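Each of the two complexes below includes chain A, the first together with chain B, the second together with chain C.
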Partner chain A sequence: MSSSFEQIALLALWAAVPLLVGVLLGLDRVLTARLQGRQGPSVLQSLRDLTKLLHKKGSYVNGSQAMFAYGALVLQASAALVLIMGSDVLTAFLLSGVGCFLMVMAALSVRSPYSHLRAQRELVQMMATEPVVMMIVLSLGYASGSFLGSDMDEMLVLTLPLAAASMVPVLLIRLEKSPYDIATAHSEIVSGPYVEFSGRGLGITKLAHWFELAVMFGILLLLFRLPDPALDLAVKAMVVLAVVVMTAVIDNTTARLTRWRMLRFSLTFCLGAVMLNMIVLYLVNTGVIQ
Partner chain B sequence: MDELILDLLVAFLIVAPVVGALVCLYLRKLPAIGKAVGAVSVLMAISALALLSIVVTAGPIVRDAYGLETISVGITILDLILMLAFLYISWKAKSALAGVFAGLQLVVLTAMEVGGVSEHGAAMNVDQLSVMMAFITSVIGSIICVFAVRYMTHYEDHGRFFAVMLLFLGAMNGAVFSNNLLWLFFFWEVTTLCSYLLIGHTGTKDARRSAVTAAEYTLGGGLALAVGILLCHSLFGTVFIDQIPEGAALGRLAFLPLALMAVAAFTKSAQIPFQKWLLGAMVAPTPVSALLHSATMVNLGVYLLLRLAPKLQGSGALSTIVALVGVISFVITAVLAMTQSNAKRVLAYSTISNLGLIVACAGLGTSLALTAAMLLLVFHAISKALLFMSVGVIKERTGSEEIDAMEGLRDSMPLVSAMVLVGVSMMVMPPFGMFASKWLLSEAVASHPLIALLLVLGFGATLVYYAKWLGRIFTGGIRRDRLQRDGTPRTYAATLMATATVGILATVLMGPLLDGLINPYVSRVFEPALQMGEWGLFTTMGLFPMVALVVLAALLVIVVILPRRAPQVREVYTCGEGSDVQVGTFYYWTEAKVAKITWTANMLMALLIIVMVFSPLIQEVAA
Partner chain C sequence: MKGRREARSPWILHFDTGSCNGCDIEIWALLTPKYDVERFGMMNKGNPKHADILLVTGPVTTKCAPRLRNLYEQMPNPKLVVACGDCASTGAPFVGCYNTCGGVDSVIPVDVYVPGCACRPEVLIDGVVMAVNKWREITSVSSEGARA
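Presenting the complex of A and B:
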C-alpha cells in the first residue's frame, strides 16, 4: 500500500490533469503550426480557451443535455482518478466508456441534425476504439495477473509491443485527428462536434474529453512502468512527447478517410495486432512456445 | 415444524399460481381477475421473500422423495396428458415437426416409465440458485401480471390469458425447485405450452404462426432434454441432478446427456441458431414479451446450464463449445440489434445477447464467470422487465413501437422516459449490477483470448444500440417551464416504479446478495472470487470501487455542479438554419444483409452444436 503522502501526490496529479492535457494540446497546436509554417498560438492557448469558456455563462437547450454532459464529466473524471490512484485499470476504462456513451446522449438530446450527425459519428468511433482499448486492457491484466495499475509488471511494452503500437491509431481517433477526424470533420459538419453547446457547457464537454484523453494516455503509459521514479517519469514524458509529435505529423500528412475505412482498419489491424500479441503471450504462458 | 413452513412456502410458489389460474378461468371478467391476480401476486412475492430469507440464513434445504411418491405419479400422468395435448396442438396447427417432437418425447418418457425409475434421492432442492430464480419469477413475474391487468383491456379472452400467465409462473417455480429431472422436464414442458398459448393469444395469423414456430423450437429442445434424461438414467442410474457425477469423474460418452441438456437450454434461451422463435414472439401483447424475456422462459435455459455448470467441469470440448455458442450469440445479436428500428426487436436481440453472456459464463466455468452469470441473470431480468413494460406503455399511448416514432418522448411522457433511462442505465451504467458483472466477466475472460475478442466487440455494440434508442427518446427541443402532465395510468406508474425500485435495491444490497446467495452457490464448486468490501467489489485480480465511485460522483455534483446558477435556456442553434429540421438515425445494414448474416450465423452455430453433441460419441469411438 502506498503511503498517504504518495496518495496525496497522486490526488494532486489528478487535479492537475486538465492542466497537463491542456499543455499537451497546446504543444500539439504549436507543433502543427510549425509544420504548416505558421507562428501558431502559445503553448497555454488551449488552457486559456478552456478557462474562458468555463467563466462564460453559456446556454443550454434542455435539461437532459446539461445532465448528460455533466454525467460524462463526472464519469471521465472518476475514470481518470481510478487510473491515477493505481487502482483497477479495467474499471477505469469501462467508466470512461460510459462517459463517452453519455457524451453521445448529450449530443442526441438536442433536436439538431448537426448534433445528431456528430453523435452517430462518435458512435462509429466508439465502435472502432472501444474493442481495441479494452483488448489492450485485458492483455495488460493477463500479462501481469492483476488489473490493478499499481501491480502491473514493469516495461510491459516488451511483452506487449503490438498493444503499444495499436494505441497510436486509437489516440489519433480519440484526439480527433486525421486520417480519423471523423467526429470533428471540419469541412462538412460546419462547426464541429459540440455544436449545440456554448460557454460553460462547451467547457464542460471539453473538460470531459480531456479527462478521457488522460485515461487513454494513462493506459498507454502503463506499458512503460519502471521501478526508479525519476527514470520512470522521464520515460513516460518521452513517450507522451513522442506520441504527440507522431500524431501531429500524421495529422498533417494524411487526408481524412471515411468512417467505414476507419472502422475496418481499427477492427482488423489494431484489434488483430493486439489479439496476435495476446495469443503469442498465451502460447508462451501455456508452454506451447518455449 | 420448519419442514412444514418450507413445504407450505414452496407450495405457495407453485400451487397458488395454479389455483389462481383456475380462478381466473372461472371469473372471466377483467376487474374480478385483476383482484385475483393481485392477491396471487402479493402471496407469491411474500412467499418468495420468506423462502429467500430462510435459505439465506439456514442454507439450502432438500426434500427427500420419500413420501412424495403420489406427486411423482401425478406428474407422470400429467406428463402424458401434456404430451397428448402437444400432439393435438401439432395436429391442429398442421405442424408435422412439432408432432414428431411431441411423439418422440412421449416414446422416450414411456420407455423410461416402463423401465422403472429409481426414486431414491432428493426430489426438491431449494438452494441459493433456486430461490434466486424463484425470487425473479415471483417478484418480477407478479409485477408484470399486475401490469398486464391494465394493459390487457385492449385485448379479449382475459380468463384464459391470465390463467396461462399465472400457470407460467407456477411452472417456472416448479422447474427451479425440482431436483428430479423428470419433474423438471414436466415443468419445462408446461412452460413450453404456456409460451405457445401466450404467443398465439391474439389468434391472428401472424400470432398463430409465431406460436407454432415457438412450439416447434422448444419442443425440439424438450426432446433433447428427454433423451438427455433417458441417457442420464441409463448411464448414471439416476434422474436426480445432484447425483449426476461431477465433471472430472465422467468420461467421454458420459458427456452426451449433458450435451443434450445444453442443447435444450440453448433452445429455451433462444441462442443462435434457435433465436427465431423469440424474435417471432414479438407479435404477442407486450406483457407476454416482458414475461418471456425477463421473469420466465428464457431464464429456464440458462438456469439449467448454471445448475449443470459444476458437472461440466473438466469436460474439455463440451464446455468450450458451450462458451463459444454463448459468446458468439452475444456478439452477433448485439451487432444485429444496432440495425433494428423496432424497439421491441432491439430488446429481443439484446435479450438473446445478454443470455449469450450467461451461457458463455456457464461454459467458462470459473469462479469469476459463475458469479458474473448469477449477477447478470438478476439484473438482466429486472431491467428487461422495466424496458419491455415501458415500451408497452409507449405503444399504448402513441400506437407505435418504432424507435423513430419515440423522438422527444422525454417531453410528452417524462415518467416513462425516466423509466427507460433507469432501465438502460441498469444495463450500461455504474454502479448498477450489469456494469459490475461486465467488469467481472471481462476479468474472467482475460485468459481466453478468443472469447475475450468476441466479448469486447459485443460490449462495444451494446453501448451503441442502447445509445441509439435512448438518444431518440431524449431528443428534445427547448425546455418548457413546466413538464407536461405525464398522464401515465396509475397501474403502469406503480408497476414501473416498483420494478425500478427492485433494481435499485438489488444494486444497493449487492453485498448481501453476494454473501447470501451467489457466493454460497459458487463456493460449492469453487473458491468464491468476488467479495464486497468497504469501498466496493474486489476479486483477486482487481477492484471495482462501487461505493467509492458513488461517493465521488455525489461529491462532484454537490461541490462543482450544484452551486452554479442554472444557465440560460436557448432555442436549438442548428448552425442558424432554424428549428424546422428533422433528425434521423443510422441503421447500418439493410434487412437483406441482416437476413444474410442471420443465415450464415445459423449455419455456423448449427454446425458447432452438432459437433458438440457428437464429440462425446466420436471420443468414445476413437478410444
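Presenting the complex of A and C:
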C-alpha cells in the first residue's frame, strides 16, 4: 500500500469515527434492551439521535458555553486524528484531556447550580480516569521505546495485560455506565455536563464525546496490533465488541456506586495494576527477573 | 426526508400537573418490556432542553401552571405537546374547580389529545405516533420554506 493511499484511508477512517462510534453505541443500546427483555431500538438509533440534534435549533445560554463546546469538539476530533494517523499517543491523550476539561468549563460557564454540580462530578470522573490512562500511555511508550502510535510493538497486551484490564473500568466511566455513571446518573441527576445544552449545541457536545470515546478505544487497541492487516482488523473488531458486551453486562448487573468508591477503585486497583505491570516489565528488561 | 430523519428520534418529557397518578403509571408502562417505546427511538428525558415531545398529565393546578409554561418555553423548537388523559385534555372532572386551570390547552398549546381515565398505554403510543407525524409535517414544511 502506498503511503499517500494509506494516509487517505486513515483520514477516511477518522471521518467515519462518528459513524463507527454511533453504531457501537447503538449496538450497546440493543444489547441493553435484550438484557432487559425488550426488543430495543435499531442499531442506527444513536446516529438518528445525533442527526436530529444537529438539525434542531436549540440555543446557547451564553457565548462562552458555545465557545467551550466547539473547542471541546475541535480538541477531541484533533486527538482522534493524531491517534489514527499513528502520531504521538501522548499528545492525543493530552488533547483529549483538555477537550474533557473544556466540557467541564462549558458546564461551569452557566449560572445553573445543577450544571455546576454535574461539572464537579465530571471533574471527579476525570480524576478517576486520567491518571490511569496517562499511566497506560506511559507504559505503552516504555514498552515500545516510542510514543508514536505507528512505532508501537505488536501485541503489547502480552507484555501489558494489566494495562488492558485497567482500560475496562476506564471505559465504563467514559461510556457513562453503572456502577460509575456518576455525572450522567439517570433518574438521579440527569445529563451530566450536557444539562444546559439543547438542540444543535447538545449535538456538538455529543459528537465531542464520541470522538473522546474513539480516543479511549484507540488507546486500548494499540495493545492489540498485528502485522497482517486483515487479522489486525479482525482482532481489533473482536476486542471492541467484547468490551461493548462486557460494559453492557456490567451496566445491567450492577447498581450505581458513590464517587468515592469510584475514585478509590480507580486510583488503587486500576492505577496500581498498571504500575505493577510497568515495574514487572522494568525488572524483566533489567534482567532482575528472568 | 429531513423531517422523517428527525422524527425517528422523539425524546419525551413527562410532567404531572396534579394528576391522580393513574395516567402517570400508564406513561411509565410505556418504558417497560411489554410496550418498549424505545423501539420507536423514544427516550424519556428528565430535561426539557433535551426533549421534543412533552407528555402532560393532570388538570393543571394553578400552582403547576407557571411551571408547565416554564418547561414548555425551555424546550427547543420544533416541540410538541400531548395532553394525556381526560383531566389534561379537558380538565374533567375538575372543570370550574377553584384551583385548576381546566386542561393543558388553557396554559400552553396542545398538539394531540389522548382520551381515557386513565389513558391506556396503547392509546398513548398512538398519541405519540400522531405527534411524531405532526412533527414530520412541521419539519418538512419548514425545510421546504427554507429551500424556497
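Keep in mind that, in the parts below, the second predicted complex is superposed on the first by the 284 of 290 C-alpha atoms of A that agree within 3 Å, B and C clash if a C-alpha of one lies under 4 Å from a C-alpha of the other, contacts with A are read in each partner's own complex, and residues count from 1 in each chain.
Keep in mind that, in the parts below, a contact is a pair of C-beta atoms (placed from the backbone, for glycine too) under 8 Å apart; a residue touches a chain by one contact, two chains touch by 3 or more.
Bear in mind the structure is a predicted one, so any value in this text is a computation, not a measurement.
**Student:** Name the contact category of A:Arg38: first (chain B only), second (chain C only), both, or neither.
**Tutor:** second
**Student:** Looking at A:Gln120, would you say it contacts chain B, chain C, both, or neither? Reply first, second, both or neither.
**Tutor:** Only chain B is touched by A:Gln120; chain C is not.
**Student:** Output check: A:Ser59 vs chain B and chain C. Expected answer is one of first, second, both, neither. What do you get?
**Tutor:** After superposing on A, A:Ser59 lies in contact with both chain B and chain C.
**Student:** By residue count, which of the two partners contacts chain A more extensively, chain B or chain C?
**Tutor:** Chain A has more residues touched by B than by the other partner.
**Student:** Applying the touch criterion given at the start, work out whether A:Ser109 contacts chain B, chain C, both or neither, answering first, second, both or neither.
**Tutor:** first
**Student:** With both complexes overlaid on chain A, does A:Ser87 touch chain B (first), chain C (second), both or neither?
**Tutor:** A:Ser87 contacts chain B only, not chain C.
**Student:** State whether A:Glu130 touches chain B only (first), chain C only (second), both chains, or neither.
**Tutor:** first
**Student:** Kindly list the residues of chain A that each of chain B and chain C touches, one partner per complex.
**Tutor:** Touching chain B and chain C on chain A: residues 57-59, 190-191, 195-196, 198-199.
**Student:** How about chain C: which of its residues touch chain A in the complex?
**Tutor:** 2, 5-6, 8-9, 11, 33, 36, 38-41, 43, 45-47, 49-50, 52, 74-78, 139
**Student:** Which residues of chain B touch chain A in the complex?
**Tutor:** Touch list, chain B to chain A: 407-408, 410, 428-430, 435, 438-439, 442-443, 445-447, 449, 452-453, 456-457, 459-461, 463-464, 466-468, 470-472, 474-479, 541-545, 549, 552-553, 556-557, 561, 564, 567-575, 579, 581-586.
**Student:** Write out the stretch or stretches of chain A touching chain B in their complex.
**Tutor:** Touching chain B from chain A are residues 57-64, 66, 68, 70, 73-75, 77-78, 81-82, 87-91, 94-95, 97-98, 100-101, 104-105, 107-116, 119-120, 123, 126-127, 130-131, 134-135, 137-139, 141-142, 145-148, 190-191, 195-196, 198-201, 267, 271, 275, 278-279, 282.
**Student:** Which stretch or stretches of chain A touch chain C in the complex?
**Tutor:** Interface residues on chain A, with respect to chain C: 29, 33, 36-42, 45, 48-49, 51-52, 55-59, 186-187, 190-191, 194-199, 202.
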